[in-house]
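Here it is, the structure in full.
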Amino acid sequence: MCLGAPGKIVSIDGLVATVDFFGVQKAVNLHIVDEPVEVGDYILNHVGYAIRKIPADEIEGTIAMYRELLDGPPGDLMREDVEGEQGARSPRAESRGR
Amino acid sequence: MNATSQLKFRDPVLGRALGDKLNSVVAELGRSPVSVMHVCGSHEQAIARFGLRSAFPRELDVVMGPGCPVCITDVPEVDEGVALALQGVRVCTYGDMLRVPGTVKSLADVRGDGARIEVVYGIDQAIALARETTEEVVFFATGFETTAVATAAALLAGVPKNFSVLSAHKYIPPVMEIVAEMPGTRIEGFLAAGHAAVITGSGVFEDFVKAHRIPVVVAGFEPLDILAALVRLVELVRDRTPEVVNMFPRCVSREGNRVAQEQLWKVFTPVGGRWRGIAHVPNGNLRLKEEWSAFDARRRFTIDVSRLWDYAPPKLLGQCICGEIMSGSRGPKDCPLFGKECVPENPVGACMVSTEGTCRIWHQYGGHLDLRGVS
Amino acid sequence: MNPIPSLHKRDLQIAMRHGGGGRAMRMLIEEVFMRGASDLPVDGVGLAAMDDGAALRIGDQYLIVTTDSHVIHPLFFPGGDIGRLSIAGTVNDLAMMGATKLLGLTCAVILEEGLSREVLERVQASMQATCREVGVPIVTGDTKVMGKGELDALVINTTGVALTSRVVRDNGLRVGDRVIVTGTVGDHGLAVMATRNKLQLAGELKSDVAPLFDLVQRVLAVGGESIVAMKDPTRGGVASALHEMAGKAGVGMLVSEADVPVSEAARAASELLGIDPLHVANEGKALIGVRPEAAERVLAAIREHPLGRDAAIIGTAIAEPKGKLVLDTGFGRRLLAEPEGEPLPRIC
């Protein structure tokens, strides 16, 4: 029931938007979203109603917030570990991108 | 926000780092257990699905409270839906409610007996059905406030005359009060459900935090969201700073969605009511306001639940501890029926029926088994 | 015959879950269909094994027999139809038992009064095309008609017979053995579900229904005796099939979620519908249990085949916990439980 999923608006007809969720399209009602939305915007869908417009740049902001939790002073070993690991390319990840 | 960026919230490297951080923050507290509670079936699903508990420190107890909207829908409410169906009304319901036991029968049981029950993914489908027929159609409206706003919006947009709503919607903030005030509660912090907070805003928890001096962190549903929120929550416990912290800023603001709130309170009013197993929750139930009585199934129909009382309730129900599980004071493993007489295909209690029920999730994903050593 | 006393009252009537391919169905078969069953007249694999088919010794070979009824709805879906499914499904079961020479198929149909002749001819054409693709004929059949409303459109039953000199069961895994899946998971069930729900898909989500006989011959040729177990993950998905393979062999299994191939479109549909790709039916995939020393070699051979390009090693048999699947999610571990059954009705 709590299937709140983010999707991208591809078209709008009155108060109903066609929204793309990673390649799957569904009709979503716009009656209760609290900001004007347009084609290209991302919204959070819950049981067929858009409940929130999601600013596209928020993802980076959130990841930065999580990094902050981990960051210690410069030279922090954990931070270096994380950045080091993320820099290395995993062979599995490369072959799996279909 | 294509698949790649969404996957950033599932980056296992960052996940492991956050898991390590969580372990070190809990260790700083130097005691066991450190108990925190979440009140959302979707959080439990995410924790279980990603096997997060196997990464939590042993001293950290993340308890699921009454956050399964299906499980806390009380027996008399299910009976109302069942009775309506037996009276010949077409009932539309979310899939999860289908098999929740009433006094004796569930909606699925009476469907097997010939009643017309339709599973829908949203109220729109129920309205569409009502438009295609002249028969009466009732939407059995279950779910918390996030789902209730959709019901409200649909009613405000206009529905056909043969459509009505049987509201069993619930409102979460009041039940946190109940848990915080339970004698012997060990809960030191709450994880609040991100999607409900989209609607209500994180500010709705400020009075609670002030009154009970227990921190609340609003969390999203991806594995990184949950891990990061837990880190923050344990930090607040460690520092003894009871605050509301929003760790889901991409979707949640302090004021929430005012448009949705207005529509919600135009249609619904909070009343006290029973939550299955928890007993009375003041302001915990959402009922249609007087102005909407024309579309209130309880006013339109005389719902006769007495006919259901010809059957004796199953003996096993007496041994079911769903109530205690939902309030977080006991777990599925404490229940004598769990995994034996009570399994998903033959559920005794609501917790085993709903995909958001603690027992069902534990049964499906293996509960708190220690799988660290498996190789 | 008295009903079994321990039956819960809910089991006194047949419910949809009894056809789901999972635990409920297995118990129904054990409690009803196996009661009073006779022994096999010859060496072989019979009903009690609940394998993909039966094997009956004839001289120095085995006759493989399998049967399937098809009730899929809708009759036509992206990627296939009930006709193709009825041939491919049975051919695949024969292949999973180690069949090396296909002999023939039977085809019994039950038609609903009022079914359009054009629909029937389309289905039949699809069946024949699939038969030609595989090189196996339909050799006999039966036709019945039931009144309008007594049946939903069309039910097809196909029985297949084949020969082999070495039967491959589904219970041969030992600790250390690897499990390969021959391609992406969840396509069939999710494609049918998407069609039923009229989900508009920007990406391509099609059923994977296909006969795997050719691919499996290659696997057997390359792997030989190191192929110790095979099963096709139909109803109940990969999770159900792995559960059976582990349970029957008395081993556990460690499955790496990151290694399970799932197409982008299937991933999207599964997130949206809240259904795990590991739990839904596949109709053109196989699970191959192989000794560890041969695993890479067999994997390479599968990947050379057009139906095996996305194959991957997804699991390893472990000693404990016996009969259970442990899923490594990348964030931690949890159990991958035996599904109650296929979450979606009338999927095959």
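Note that the chains are named A, B and C in the order they appear, and that numbering of residues resets to 1 at the start of each chain.
As a convention for this text, a residue touches a chain if its C-beta (ideal position, glycine included) is under 8 Å from a C-beta of that chain, and two chains touch if they have at least 3 such contacts.
Computed from a predicted structure; not experimentally measured.
Chain centres here are means of the Cα atoms, and by that rule the chain farthest away from chain B is C. Nearest to the global CA centroid, when each chain is reduced to the mean of its CA atoms, is chain B. Centre-to-centre spacing of chain A and chain B amounts to 23 Å, using the average Cα coordinate of each chain. In terms of their C-alpha centroids, the spacing between chain A and chain C amounts to 36 Å.
Within chain C, contacts with two or more other chains are made by residues 258, 264, 267-268, 274. Multi-chain contact residues of chain B (touching two or more other chains): 3, 121.
In chain A, the residues that touch at least two other chains are 22. Across the complex, chain C is touched by residues 3, 5, 18, 20-26, 92, 96, 98 of chain A. For chain B in complex with chain C, the residues that touch the partner chain are 3, 10, 12, 15-16, 19, 48-55, 112, 121, 223, 227, 341, 344-346, 355, 363-366, 369, 371-372, 374-375. By the touch criterion stated above, chain C contacts chain B in their complex at residues 8, 10-11, 13, 15, 17, 23-24, 197, 252, 254, 258, 264, 267-268, 274, 318, 320-321, 324, 326-335, 337, 340-341. Across the complex, chain B meets chain A through its residues 1-3, 5-6, 8-9, 11, 13-14, 17-18, 20-21, 40-42, 69-70, 94, 96, 121-124, 142-143, 146-147, 149-150, 152-154, 156-157, 193-195, 198-199, 221, 224-225, 228, 231-232, 247-251, 257-260, 263, 356. Residues 184, 194, 199-203, 205, 258-259, 261, 263-265, 267-269, 271-272, 274, 310 of chain C are the ones that touch chain A when the two sit in their complex.
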